[in-house]
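Below is one structure, written out as C-alpha cells; comments come after it.
Letters A, B, C and D mark the chains as written, and numbering starts fresh at 1 in each.
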Amino acid sequence: MSYEPTIVGFLCNWCSYSGADLAGTSRIQYPPNIRIIRVMCSARVDPTFVLKALRDGADGVLVCGCHPGDCHYSEGNYKTMRRFPLLKKLLADYGIEDERVRLEWVSASEGQRFADIVSDMTEKLRALGPSPVKADLAHDAVER
Amino acid sequence: MAIRVNPQLIDELEAYGAEDVSKCYHCGNCSAMCPFSQGDTIFPRRAMRQLQLGLEERLQGNLDPWLCYYCGECSEECPRDAEPGETMMSLRRWLTARYDWTGIARAFYRSWKTEVLAVVVTALLTGIAFLLWGFSQGSIGDYDGANAFLPASKVHIFDWALAGVLLFFLLSNCGRMWWFTLGKDERTRFAVGSYLRRLYLLPAHFFTQMRYAKCTRKRPWAVHLVLMLSYVTMLVLIMFFLRYMASGPAVDWRVHAFGLTAAAGLLATTIWALRGRIKKTETHYRHSHESDWMFLILLIVVTSTGVLQFALHRSGFDTAANIAYVIHLMGVVPMLGLEVPFGKWAHLAYRPLAMYFAAVQADALRARERSQVPVGAAQTA
Amino acid sequence: MDGEMKIGVYVCNCGTNIAKVVDCDAVAEAAAQLPGVAVARSYKYMCSNPGQEMIIQDIRDLDLDRVVVAACSPRMHEPTFRKAIQQAGLNPYLLEMANIREQCSWVHSDPVMATQKATALTRAAVYRVARHQPLEQRSVDLCPDTLVIGGGIAGMSAALDLADAGYKVYLVEREDHLGGNVARVDLLAPYLDSARDLLTERITRVMEHQNIDVLLGAEVESLEGFVGNFTATVRGQNGSPFRRSVEVGNVIVATGYKEFDASRITYYGYGKLPNVITSFEFEKMLRQGRVQTKEGRLPRYVAIIHCVGSRNPEYHTYCSRVCCMTALKYAHEVKAAVPGCYVSDVYIDMHAFGKGHEDFYRRSAEVKTLFLMYAKNDHPVIRKAGPNDGCEMLIEVNECLSGETIEIPADLVILMVGMEPREDSEQVAHLVNISRDKDGWFIESHPKLDPVATTTDGIYIAGACQFPKDIPDSVAQARAAAARILARIARGKLEIDAVFAEVDEDRCSGCRVCNELCPYSAIEFDEEKRRSHVISALCKACGACVAACPSGAITARHFTDDQIFAEIEGVLA
Amino acid sequence: MADRKLQIALYWCAACGGCDVSVLDTDEFILEVDKVADIRLWPIAADGKYADIEAMADGELDAAFINGAIRNSENEHVAKLLRRKSKVLVAYGSCASFGGIPGLANLTTRDEILRRVYRENPSLEPGNTTVPLPETTVDGMQLTLPSFYRRVYRLDQVVDVDYSIPGCPPQPDRCRESVLALVAALTGQADPPPKGSVLGVYERALCDDCPREKTEKKVKRFYRPWEIVPDPNVCLMEQGVFCAGFATRSGCGVRCPTSGIPCRGCYGPAPGVVDQGAKLVSAVASMVDSQDPEEIEAILATLPDFTSFANRYSVPSSPLQRSHRR
C-alpha cells in the first residue's frame, strides 16, 4: 500500500486562505493531502501548534502568510519570519526533517502558487516517508 | 518590403461611387454570407481593405471586384452600412478606368458632364454625317432598294469599321488588365498550360453567366442573362445579317424571328432595370452612378428606335423609318464607340476574362502550395 | 459538559458543486457519530432560505447549542449562517464552518480522498465548535467626518456627496490645484464635451462648499486609529507649511494614476524623433488650440499608436481602458483642427465597452480614420522619412486585417500611453494599511461584490487608484464609496467584531514582550499594576501577541489555543 | 496533631541528589516532619531496603516523594513499587516533574551515550572497553544490572502521579509549605489539593517577581552571561542575555536573576502553557529587531544550542518528547 502524507496547513485569513479559496474558484487541482486551518494572521501560529500537529500525526506542516510588506496587519508576517528559524533549530534538534515544516508566502491572487506549493510539498513528503513521531511515542509507552 | 500606402486613394474612389467603405471594420459578415467566399478567402473584404489602406498596386492587380455580381446581400447584412456590394461596383468602375490607357474612361467616370458631352457631340456628328451621306446615296423616301437613303450593304461596312475601332481599344485594355493582374506576377505570367486548360471558361462564363447563377438570388441573374443574350444576338444580327434585316418588302423570318425576340428581350430588361433604379426596388439598384443611367438610356434609345424604324418601314412610312434609323445610329455610335470600350459595357469583356484569369491564378497558387508541402511537413515533423 | 452539548452538523451539497466529488451523506453520517453531535444532515443548498430554515428549526426543535456548516468558504457565507443561528436565538459565534467547496470539492477530483478530507475538516469543525464561547458584539461611536485623499474627479465627487449630506469632509490634494488628471484633458470621449466645463463646476462647488475643508499642496503623513475613529496627520509643504491632525471616521483613497513613461519604450523613438509625442502632450496642444509639428507646420498625416505600455508582457499586461476612446477622440479633434488631415489609428483591438462607445467608434470610422490593426507581439516601427517621402516619418506596420506589411506616412505620431499606479502607491498602501495587487493597484475587498471597500475597515478606494477607469466609472465608484460611508454614519454607532485579544491579568507577569508587537498599539502597559492589557476597540485580532506571550496570558477570542488544538486533533483524528 | 504517625518515603531516581539536599536544607523543619511522620525509606539519609517496601501492604505508605527522572528499569521498578504501596505519590523536583537535566539525553540516543561514556571518554583506563550490560557472567556467577532505557521519561509517564513540586531543586521554603499542606491534607485537617496540582509554585511567570526593570524588548544581538557585565537593574533579556524567566513559572524566589544569572526555567512552564520551548521560540524571536531574513539569521545565530536552553528541564515534556532522528 502506498503511503499518503497528511499535511496540516495554517493559513492567514487575508492572503493565503483567500489564495486557497481562489485556487478553488479557479478550479486549480492539487493533492487532497492538506488539511487547512484558518488563522487570522500567520503571526498567530504559535510554534506549539506545529509541535502539536506533528505530535498528533501530521507528516508535514505548512504555514502560509501574506508576502512580506503585504500583511493585512502590516507586519505580522515579519514576526512569523523571525520565529521560523528558531523553530527550525528546535525541530532539527528533535530530529524532524527540514522538509516537514515549511513557511511560504501566498497572496490572495496566487491560487496557482498555493496549488503548486501543496503539490510540491506532497511530493517531497511522499519521497521522505511518514513522520515517525506518533509511532515512536506510541512505541516508547510499551517498550522502553 | 513594406508597401507605401496612398491615403488619398479612398477619396479618389468617391468619384466612382465608393462612399461608405471607410465604415467597414472587417467583422466579416459579408464574407460569411457571400456564396463566393469559400474556405479562408476573404472575399469581398480583401479588396475593401486594400481600398481602405490605399494599397493602389494591390487593388489594381486584384480580380475580386469582377468576381462579384452584386446580388446585394452583403450590403444588406453589413452591420455598419459599409455597402460592400456598392464598393465592389465602384471598384469595377475604378478598375475599368485603370485598365483604359487612353484615360477616356477615367474622364467619363470622374465627371458625368464630360461623358454626356462626349456622347451628345458624337451623336450629333453621327447624325449630321449620316444625313449628308444619306442624301448623297438616295432619297429619304426610300428605306431599302436601289435608292435607299442608307443602304444596308454600305452601313454594314461602317459597322465593321466601328467594330474594328471598338475592338482595338477594348482588347488593348484587356491586355493591360492581364498585365496588372497576372502579367506582373511571375508566378502566373508563363503558366501556359493552365492558360490553355482554362480557356474554355471565357465563352462559358460569357454566355451562361454561370457564376452569377450561383448567387443566392436568381432573378438578377435571369434579367442580366436575358439582357446580355438579347444584346449579343442583336450584335450578331447587325454584324452578319444586317442586309436581311433591312431587306425589302419580303420579311426574312429566319432573321426577324431573332431580331424581334432580342429587341423584346432588350426592351423588357432595360425597362425593368430603369424602373428598378428609379424606384430603388432592389439593393443593387439603390445606388446609381451616372454611368449606370447613361448605360440604360442609350440602350433604351437604341432599342426603341431600332424597333420603331422596323415598324415604320413595314407599315410603309419609309421617310419616317429613315429618320428613326438616323436617330438609331446616333445612339449606336456613341454606345459602341464610347461606352463599350470606355464605359460600363466594358465589363462584358472584363468579367469573363476575370473568371478566366482567376482560375489561372488559383492553379498557380495551388501549384505553389504543393511545392511547399514538404517544407511544411519538415517544419511540423 | 460535552455530555449535554448538542451540536448540529449541516453538510451542503451546493447543488452539485460539492456533491459531485464529495459524498455529502457519508460526511454527514460520519459527523453524526462524533461526541456531542445531536443531528447531522446533508442538504442541497444550505445557504438557501429552506436550508437556513432547516437549521433554525433544528435549533428550536432539538434545542441545539452549537452549529457546524460544512459548505463553501467561511469568507463567503459565515455571516449568512451567523445571522441564521442568531435568528434562532443562538449566539452567532457558536457557529463553525468547514470549507469543503473551495478547499475540497473544487480542487480535488478523487471522490474517495475528497470525501475523507471533507470528513476530517468537518470533524475538526465539530471539535472546534465544542470549545466556542458565546461572544458579544461591541459598538463604538464613530466620527461622521471623512478624509478624502486626492482631489481628482473621483475625490471631488465623493467629497461633494458627503458634504451635501451635511457631513464634514477633509479633501487633501498634493498639487496646488484640484482636478487631477482630468484637468490635463481637452475634450472627452464619446460626446466630445469639454473637460474644463465638467471640472469648473465640480471645483467651484468643492471650493465654496462650507462642509468641505480643501487642503491643497498637502499630504497625509500618518493615519492612526481604527474605523470610526481615525486620526490623520496632514502636512502642507508649499505656501505656508503647516501640520494639523484631523479626526475622521472613514477614509476614501482616490489618489488616481500616473501615465506610462513613453521613454521606457525605445522602438517608438519617443524623445529622439521630435514629432513623436504622448497623448498627454497632445492634450496640451489641443488645450492650447495649436495642433502642429515641432517645426510649427500643420501636420498632413497624424498617426495614433495604441497600447503604449499596456497589454505588453514587458511593461503592463493589463488594458488601460481609456486609450481606445481617447484615440478616437483625437481622430475627431485632429480632423476638426486640421481639415483634410489624414489620421491613421494603429491599434491591437478596439475596446469600445462603454456607453456610447460603439457609436463613437462608428462615427470615427465615418470621418475616414484609417484603422490599422497590429498584432500584440508585433509592434509598429517608426523611422525618419527621406527628403522626397513628403512626410516627417514613416511607420511600418504588419497589418493583420490585410496581411500586408505596409508603410504609412506621418508628420505627428501620438503614443497612447497607458495608466500605471503612482510611484508612491506603496507608501499610500502602507499609510492606510491596504494591499496592492501584482501591478501595484489597490486591492478591493471583493472584486465583484465589494469593489469599493478594502480589507481594512473604514478605508475605501475610488477611481483609477484601484485600476484604470474612465470618468464615469471613477465617479460611480467615488459616489458609491460616499454612499457606503453615509450608510454607516446613518447607523450612528459602529458595530465592531467581538473577536479580539484579551490579557488575563492574573497570568500576565508584565514581561512586556507583547507591547512591542501590536501594529495597532492596542496593548498598553499599566505601570501601576505592572500588567499589560489590550484596548479591544483598537485590536484587530491578528493574534501575534497571543502566540508570543511566553506565559500564555493572552487569549485570542474565537481563535483560542484550545480551539485550534481541537481543530488540529480534528483534522488528524 | 494526628493520633497515628504518617508513613512516608523519599526516593531518588535519575537525579543529581540536589533534591534530597534541598530537603535537608529545610534544616530543623525535618524534625517537625519527624514528629508527625515515620520516614520508611530515604536512601540518602536513612537505612531501608527495597525488600522492606515490598513487604509492606499496598497503600501502607501515606505519601512517597520521588525525585529524579526515569532512566532505567530500576527507576521504573521502584517508582511502580512505591506507587503501589503509597496513597499519595509526589513528583519532587524538576526531573520527576518534567524530565529535568537527565531529560536532555532525549536529544541524543542510548547508543550514542554508551559510546561516548564507555568508549570515548578520555578518563577511561586505556584498553578498557567494558560496556555495562543487563546481564553478565563473572566466574560462573550471573550478575544483573538495571537495563538502561532508550530514553528518559518523566515520572508521570510511567506511573500515576498525584502532585508535583517542581524546582531544581525545589526552594526550601516552597518545600516546607507544600509538605505542610500535604500533611494537613493527609491528617484530615484540610481538603487535599485537587489531583495533578503543582505545589510550591505561583500562578505567574518569573518576571512578576523579578525586581529587574522591564521596558519594551528589542534585541540586535544575544550574549552568553560571561560575554557582558549586565546592568543589575535591567531585565536581562533586554540586555540580550537569554533568560527563560518570562516563560517559567515563579516559585523559586527569583534566585538566579537577582544574583545576575539568567533563569534557565527549572520551575517549568507557566500554568496553561503546553511547552516552554515552543513559547520561548516565539517570545525570543519577537524581540529580534530586524525585518531582513539574513540579519534575522545572524542575530539568532548568537543563540547557540538553542534547544537545550529552550527545553533545558523539559525535553520529555515537550510534545515531541525526544529526538526522532533516524
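Observations
We adopt the following convention: a contact is a pair of C-beta atoms (placed from the backbone, for glycine too) under 8 Å apart; a residue touches a chain by one contact, two chains touch by 3 or more.
Every value quoted in this text rests on a predicted model; they were computed, and no experiment measured them.
When the interfaces C-D and A-C are ranked by how many C-beta pairs touch across them, A-C comes first.
Set against the C-alpha centre of chain B, every other chain centre is closer than that of D.
In this view the innermost chain, defined by its CA centroid being closest to the centroid of all protein CA atoms, is C. Mean C-alpha positions place chain A and chain B at a centre distance of 82 Å.
Between the CA-based centres of chain B and chain D the separation comes to 115 Å, rounded to the whole angstrom. The geometric centre of chain C is 56 Å away from that of chain D, both derived from CA atoms.
Note: centroid distance chain A to chain C, computed from Cα atoms, is 29 Å.
In chain C, the residues touching two or more other chains are 517, 544, 547-548, 561. Contacts with at least two other chains are made by residues 46-48, 52, 75, 79, 83 of chain A. Contacts between chains, counted with the stated touch criterion, involve the pairs A-C, A-D, B-C, C-D.
Chain D meets chain A in the complex at residues 73, 76, 107, 147, 149-151, 153, 157, 274-275, 277-279, 281-282, 284-286, 288, 290-291, 293, 296-297, 300, 303, 306-308, 310-311, 318-326. Of all the residues in chain C, the ones that touch chain D in their complex are 506-513, 515-517, 530, 544, 547-553, 561.
On the side of chain C, the complex with chain A involves touching residues 73-76, 99, 101-104, 106-110, 113-114, 116-117, 120-121, 124, 426, 430, 433, 435-438, 443, 455-456, 499, 517, 519-520, 540-544, 546-548, 556, 559, 561, 564-565, 567-569, 571-572. Remark: chain A residues 46-48, 50-52, 54-55, 68, 75, 78-79, 81-83, 85-87, 89-90, 93-96, 131-133, 136-137, 140-141, 144 touch chain D in the complex. Only residues 203-208, 214-218, 235, 237, 245-247, 250, 269-274, 279-280, 282-283, 286-287 of chain D touch chain C when the two sit together in their complex.
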